[in-house]
Structures are given as C-alpha cells and as structure tokens.
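Each of the next two complexes has chain A plus one more chain, namely chain B in the first and chain C in the second.
Take a look at the complex of A and B:
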C-alpha cells in the first residue's frame, strides 16, 4: 500500500497570534447565539414562526414532519359503505418476505367482487416495513401512510394487529368494541364470526 | 455595632449575589450552549406546570447533589478528602470580599464604601486568594489516592503556576499607570477622562495587558480551553473520586472563579462601577450640557453598571468556552511561558518607559 505523507500546514504569523482566529470563532458562535436568541424571543411573542430557532423537535408534543413516501404503520383502505377494499387475493401475503400477513378469505355477496377478508392480521413484531404489500396490491387496499411511528407494546401478542386496528388507524390497543358491520373473524369474541352482509346492505351499524 | 451590621449586610449582599449567580451559571451554561448549537436546552423541570425557560433545573440539580450518596475512597485520606472542596469554595468566595461594587454611599451621616473589606492591598489579597485556591485542587488529587486524580491535581498546579506569573505581571502595568493597589482607588482613578472625551479605563491605557490578563485568568478558572486539570474525556481530573455535593462544590468553584475573573476584568480594565461621564453630582457630557442626578441614583447606577459589566464578561467567557477547543498540554505550557510571559514583561517595560518619559520622574 502506498503511503501518502500529509504535511501539516505551518501556521502563519497571523494565526499564531491566536486572537484574530479566536475572534473569527467568536463571530460564528455569536451569530448563531444572537440569531437563535432573537428567534426564540420572537416565537414567544408569536412572530416569525416560519423560521426555526433550533433543529430540535420536542418529539412527543411536536411530531417530526414525515416525507410523503415514508412507510409507517399499515392501514386497510375502506369502501364508502364501510367494508374493506381488500378482495382477499392473497398477493400481499404471498409477496411478504417476513410472512407476517395472514388472510382468511370469505365469499362476498357481490359477484363482481368475489371475495373479501374474513380475517386480516399483520404481526408487526415480524414485519420489516419493506412496503412490498403496498406495491403489489391491485386494489389499493393496503397502504403504509397512517403516520404512526410509535409502534411499541409490552408483549408479542400486542404487536399483532387485526382487521379492527388496520381499518381504523386511530384505534389503539386494547380495542374496546367491535363496530365492523360485515362478517369477520372478531378477536374480541374469541375468534367467532361477527356481523353480516344484511347489516351492511341495510346501512345499520 | 452599626458598623459591624453594615459590614455584615454588605457581606450578605455579595455572598448572596455571587452564590446565586454561580448557581444560575449552570443554567446559563446549558442554555447558552444550546442556543449557540441550534438546540433548545434544559426545559423540562417544572413546578406546578410552570417551566420558566428551564430555570428550575439548577434547583433540581441542587436537590440531586445534596441527596446523592457521598463516597470517600476506602484508601483515601478522609479528612483531606472532605476538606479539599471546602478549601476550594472558601478561597473562591473569600476573594470577593475585596471587589468594590459601587461608589461610597452617604447614609445618615455615614460613609459606606460598597466593598466588603476596604483593603489597601485589595489586589494582592485577591491574587493571594486565587492562588490559595489551588490547594483545594491539589489536596483533592492527593487525598483521593487515585492516579488520575493526582495527575489532574498536578496538571492544575503546573497550570496555575505558569499562568499566575503572566497574570501578575500583566497587572503590574496597570498598577504603574494608576499607582495604587486599592481597588476602590483604582476604579476612582478610571473615572478621569482622556482628552475630555475617552474615559481613562484600563482597556484604554493597557490594551495588551487586558488580553494577557483575560487569557491567563481564563486558565485560572480551569475551564475549556484550559481544562487540562479536568479533562473530562481523558483523565476526569482531580475530582474523579468525588460525588454528591462535594463534587458540586468543585463545580461551583469553577463558576465562582469565572465570576471572579469577570469581576476583575470589569474592575481593572472596564472602569468597575464607573458610568462614562457620570460624576458624583450628575452627568457632564464632553459635548457640553450636564444632567444632575440624586446621590442614590448615582450610587445605584454605579452598582448597575458594575453588574452589567460582570454579566457581560460572564457571557463572553461562556461564549469563549463554547467556541474554542481544548489546548494540548505542550501548547498550554508554550502559550504560558513563551507567549504570555514575554508579552507581559515587554508590556511592563514599555509602560514604565513611557511613564518615565511622560514626566512622572518622581
């Protein structure tokens, strides 16, 4: 391996005096100091809010802005009548490299739709957030745009999301009450099928 | 009896003010560094939901310091280990006794000098106290029975000796000009005007001495860029074996010394409690016109002027501390012995010659 000798530049007389160099350093720190101080004061008075006085985000109170392509927690998109857009084609379950998606398909009363998910589970403890499920979906039924980053739980069981949480990102564990009208496998009632298509057709919730 | 009461009152004012400012320095340090570095800084401690810009953090720090376990090394010297931080704080605080923070106050036929101890040799006294401060540091290093602590103590001693010489010689030029060691007289002498326009402050007559003084004095405070005795990233320094409030006392000493240096810089080079063009009976502007002020206003303006100058220097030293990196040890010694010392000596020689040729041949 060739050795490259890097010679340190000798300090000039001006630099050896220290004081001019110290002053130029002070100029930089003072510029930051006074700019930020004035901005902090202006913010207290409600002025110049568009200029940031610090790079800090006070995280739990002030969420960080996310890029629009950022992959956050999944959500299932919903049709107008409140049923999932998912047609149970199993493409996402197939493409998932972590095998964290479990779908159980049921028959949809509309012959054009054919199928719907009776059960749609994602184990976030296993998910690698690759976004393949979103890319592969032909129905735009699953997206990763909920903006939820603080996925944390005390047990592995709590990391497993079912159709209730996926269809309603605002819902946090523990899920209190099931309000899904169509037939689905409801974890709240011990894995039994709840809801009916008649309910959906009559518009009753 | 009343004299004693007055002295006690003055001592209380100085003690209270200085200790509070030192306590506040922990907050200033955190906030100022945060603002310099585009951060927010301490803002979480709250009492009943009031955060007050994080001003409760020093309070929380004090509570934490007092309630932490106090550990004395098993093989260390218990008496000296306990005594060292007390020495450190005592000498740092005692030095403030000779700092004049205002002109004489006439109150009920009494003349009260706004200075705790009216000493003819105030300057010598302060430097003596600052030098004795090194005892706390070297004792801490010695009594801990820890190699790193001893190394820190030795470094501190070497640094103090190197820089105190430059510090003392820098001051000699000033003493030559004002011909007094009494700080109150020295400040009064700075009230004269040079050519009727420029206040005859120390910085005007001794600019070189000012830079030497500030550099050497910063080295005395043992803070960055001269924090070799502490060296948090390598040897932790002389207080490595200290915990709880004993560590807090060393921490406080650093800030007390910073304030002391700020006081000295303001007193010696920036006219102490002098306000430009303010005489005891009011303002006399060099462009003509005067403005009379009452005695109380005059004295209070002096005290305010002194406080402002001290606060400015505290700010400046904090800014310097967050601007400069640490010196290497050989650079430190080189700067002290080959940089500051010859410059200070040359300054004395030039000052003395100029004074001689200006006709002060008595």
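Take a look at the complex of A and C:
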C-alpha cells in the first residue's frame, strides 16, 4: 500500500494572532444558542413552525421517537391462536452473518401449516442487527420493530433470547413463568418439551 | 450407430437410444422429471422438449429415437419457450410450500425454474387442494399437492420391486398419486422412491424437518450393512449439533454404481446408521473403569509376549486392518469370523451375509477356527475380540466363563455391549465412516470406504491402534496411513497385485479368484 504523506498546513499570520480565532468560534456557538432560544420561544407562541430547532431528549426518561424502518430488538409475529407464524424454514438461520440464530423444527398438527419452531433462540450478544433475517423471512414471521433499544444484561447467558421473549417483547430476562401453550423447548424446563397442541385447541393461553 | 447433431456437436449414438441418452453421453443435460435411466420411459412430464429440425413441433427428448442425420437444438428460443410453458403448467397447482418442504434445495422444480423458468406467474385461480403430510409407509411421507404426476415412483414399484403399491387416480387437475386401497408402502426398497421423486411429494420420515439440505455435507462411502457393498453418499452435519440431538449423520443416499447397486439401496442399509452416533464406546475402559490409551497400550504390549493369544477379527474391518492383524499377530491363532445366523436376503441387492468384507477376509487367508472353544479349554490365555458381542453370539454364561478364565481379554469395538463391559481392556474403535479403507464385496469387487468425519471423542481407527501396538511389541510396521498399508498389502498378496487407491477410484475395481 502506498503511503500518503499528509502535510500539516502552516498557520497563517491571522490565525497565529489567536484572539480573532477564539472570537470566531464564540460567534458560531452564540449564533446557535440565540437561534435555538428565539425559535423555541417562537414555537411556544405558535410562530415559525417550519423552522426546526435543536432539542435535548432526557433519555431514558424521555425516549426519542424512532424512524419506522429503524431496526430494534427482534420479535416473532404470532397467529390468532397464539402460536408463532414462523414455519421453521431456517432461512434466517442460514442467512445470518453472525450465526446467532438457533432453530429446531417440529411437526405442526395442521398439515396445511406442517412445520413450526420447537425452539427459536437469538443470541443478542452476537447479533449485528443487520436485519437480513427480517428481509429473508418468507412468512413475515420475524420483525425488528419492537422499539426496544436498551438490550443490556449482566451476563452473556442473559443476552440469549428464547422463544418466550421473542414472541412477547414485553417480557424481559429472567423469564419467570412459561405460558406458551404449544409444544416447545423451553429453558425454564431444562430443554424439555413443554406444552401441547391440545392446550392450543382448548384456547388456554 | 446413427450419427446426429445436438447443439452443433456430432454424436454417434447406439442404435435404439433416445435423444436424451445421446445428449447425456455427450455431456449435454436436458431437463427431465419423468425420465429416469433405471426405469421405463413414460414421456408424460413433457419438460424435456427439444427442437428437431424439419419437424414442425417440439419433440420430447426422452422418447424420440435417434436417427441418422438428425439435427437437435436443446437451447433454441423455441425449445426454451416450450420448456417454460411446460414448467408453468406443472407449477400451476403446485403449492408454495418451499419454506416447509424438505426437498427444497434439491428440488428440480426450484432448479429448473431458476435455470429457465423465471416467468411472471399468471395463475390467479384457486390452486386445487389435496391431501398433505400422509404417512404412506414406515419411511415415506406423501404430499399429493406437491406431486407433478411424473409417475417415477409408480414405475419403480411396478418394475424394480414389483410390488405395485402406487397408482395415479382420477383425471385432469384432480389426478393424484396414491396407494391402492389397503396397501402400505413397506417393501424392502421403499425409500428409493424418495430419491427418485424429483419434487417434494415423497419425503423421508426419518429426515423430516431435521435439517435443511444446504446444511448437509456429503462424503462418498460404501454401506457396511451386507456383503453387497452398495455405494452410498453419507450426508452429515457437524457444525449444528442442535439439529439432530448431537447425532452427526442425517441420512444415507445411494450413489450410482452400474456394477453394484445401480441407483438403489435397501431400507435396512439406508436406515441402519443409528449405531454410529448412539451407544458408542467413547472412552478406554479397564475393567469398566475409565482409563487412557497410553496406559492401555503399554499394559497390553507388556503382557502380550508371555501369553498365548487368540484373535477374533471381524469381516466388518477393512482389508488394510485385517492385513495388519495378520502381520502383527502372526504367531497368534486368528479367525475372521464367528458363527452368525444368516440375515434376510433376496435376489436383488440384500445379501444374507451381513458383513461387508467376508470375501476380503477369506482372501487374506483367515481360516475359520473355534477360538472361543480353545479359550474355554484353556489352550489360549489371551483373547482379542474385534467388534463382536460374544454375549449375543455365545451367550452370557460363556462370556462370563471366558472373562474369568482369560488372563488378558481385549475388546476393541465401536459400541458398548456386554463384551465391552466384561473385557480387561475395552478400546473404543472408529466406525467405518470414520476411517479410510477398502472392502471386498461378495462379487469380488474391491471398493473404498472414505472417512466422512473424524472418529468420535476418544475412539481410534483400528489400523492406528494396531500400528501403535506393533511398535510397542517391537514388530514395527512403517506405514503411516491406510493407503501405505494397502500398498504393502498389494506388494505381498497376488490378488491385490498392482492395485492402489487411485485405481480403485470411486466405483471400485473388480478382482477375481
């Protein structure tokens, strides 16, 4: 690789005088200060609404509004009867560049659905939030629109989401009790299959 | 020998062959669903349309006999349009099941759509609903919606197994593949219909939803289920252990070999791989207590010279390993076989002898000896058993008597069994898919087994432990791998003269008496 030598520009006489440079910096700062001050007062009075003023959000008490295509924590979309829309095609697991998705597929009692995920884990400690999983999904079963940004935990283990938190973004670690009715592998039961399709049919949630 | 031109290439095709066969011979691939070289020609899928000059309409390549001076175009605009139209018809009622379908990734509908379909679908009507996910036998799952009625499976059960379970019922878009009333698909070769089904209509029950096919790695090998030695491809996954509960092998598929198994294999061999991942002996055991290889080899090597040794080798071992056994234990009493009850057999592929290398053992001069009897009589005081479960063959009491009488009892095998737990030393051995070597099948054909993946945990290939032992008992053999062992064997044994792994290749090499 060729080395590019960058020469530092010599200061001009005017710049070497020092005081004028400080004053020009102060000019920029004060311009923004007074502009925002005046515009916020004007906005309060219902004036100059077409001009935007800088604001400070008191995060995390006051969350910032997100763009509609912002990629936040994943969620699995759910059918009417409370089972995941996912059919376990493993395309997201295949496309995932970080290899953070783990899926185990099982037999669905309805032959028109046929397949569903017995286990669906995402390791957020590894995820790069690229959104490929959302893009590749043929069933619109995984989305990144939960709006959750503050994914933080005290251990790597807690960064691993299983099907509970993915189907219900309101749930946070540690998940206290499993209430998914369909058969699935659940960390709460040590990897044992929990739930049954009869419970789904009887409408227990 | 008519000479014809396909895509501008002159081909001399044998009399009576068809355009698709002539093209295949020249390395030109013509799309096909119903055509299968092992079955009769049906000519009903119409995907193999080609343009034949001086012929007003497109012709199906699979059922058009070659003629002198014929000029065929497989990729002209007219032929491509015809194929695309046929594909559009075939896909009209095909469900959008690809995400849930186990065939996706190796499906000819997907492949041909991507190769020359790529049309915008015009079918706006309701697709015809049929039965889905019907278990039609112990191994096969049927999805009538996905079926394109190519009739390959119908012809397979009519012509190869001659059991005739399948039929196509009703007409038009109500036509569906099904079993005749009262039938189930449970003949000895039933799972072959999964391989020949070009779409996802017939899928494997064992493999169902376990993995996507693009996760699979493949290695060529030879089935060890019987003396026929059918050529197989081993499909396995090493990097996603959650998929199959830690098991590495996902499925076995027959590999084409015109001289052994053609395109087929039996269900017994196809689904008989469970022992490679389950119930394995994974640690060296000394009287049932975990030990280590170094200790075991040192202990065995130090006590062997003072003992009268008997060796029960096995026809499950490769030719190379049997050769090493003969070399290393040249002063011992050796037998390669123990009396085993013959298994099921038929006049197609399945052989009654369930060992893959019986002829190889016989050719290396392994005589039949009743070593167990000798041991019980006290004529030998050390016994080395390769793989056999003596409790199953001679009874639990004989095994107990043996282990109390013998001063050294070594078991080297792949799986845990009563023999491994009553042996002085139980040595975990690699399974045939975990090592290189050769088998000689019942017709005298030598074929290579290839290492698909490394031996499980602590287990070692038998040839490796034999070389190690030979070094420790001062009979070193300067071989480094099975290939060198085989060259050593070829130099001494007349039957294997001038042979090497390259000459055996992927299809084997016929040897004769």
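Please note the rule applied: the second predicted complex is superposed on the first by the 151 of 205 C-alpha atoms of A that agree within 3 Å, B and C clash if a C-alpha of one lies under 4 Å from a C-alpha of the other, contacts with A are read in each partner's own complex, and residues count from 1 in each chain.
One rule holds for everything that comes next: a residue touches a chain if its C-beta (ideal position, glycine included) is under 8 Å from a C-beta of that chain, and two chains touch if they have at least 3 such contacts.
Here the structure is a predicted model, which is why all the values come from computation and not from measurement.
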- Query: Is A:94 in contact with chain B, with chain C, with both, or with neither (first, second, both, neither)?
  - Reply: second
- Message: Quick check on the superposed pair: does A:107 touch chain B, chain C, both, or neither? Answer first, second, both or neither.
- Response: second
- Message: Under the stated touch criterion, which partner chain does A:70 make contact with: chain B (first), chain C (second), both, or neither?
- Response: neither
- Task: Once the structures are superposed on A, label A:59 by its partner contacts, choosing first (chain B), second (chain C), both or neither.
- Result: neither
- Task: Have a look at where A:138 lands relative to chain B and chain C in the superposition and call it first, second, both or neither.
- Result: second
- First, second, both or neither for A:119, with chain B first and chain C second: second
- Enumerate the contact residues on chain B facing chain A in the complex. 32, 34-40, 211, 319-320, 322-324, 335
- Quick one: which bits of chain A touch chain C in the complex? Just the residue numbers, please. 87-91, 94, 102, 104-107, 111-115, 119, 138-139
- Hey, which residues of chain C end up touching chain A in the complex? 97-100, 131-133, 208-210, 212, 214-215, 242-243
- Note on the structure: Seen from chain A, its contact residues with chain B in the complex are 18-19, 22, 25-26, 28-30, 32-33, 36-37, 40, 53-56, 58
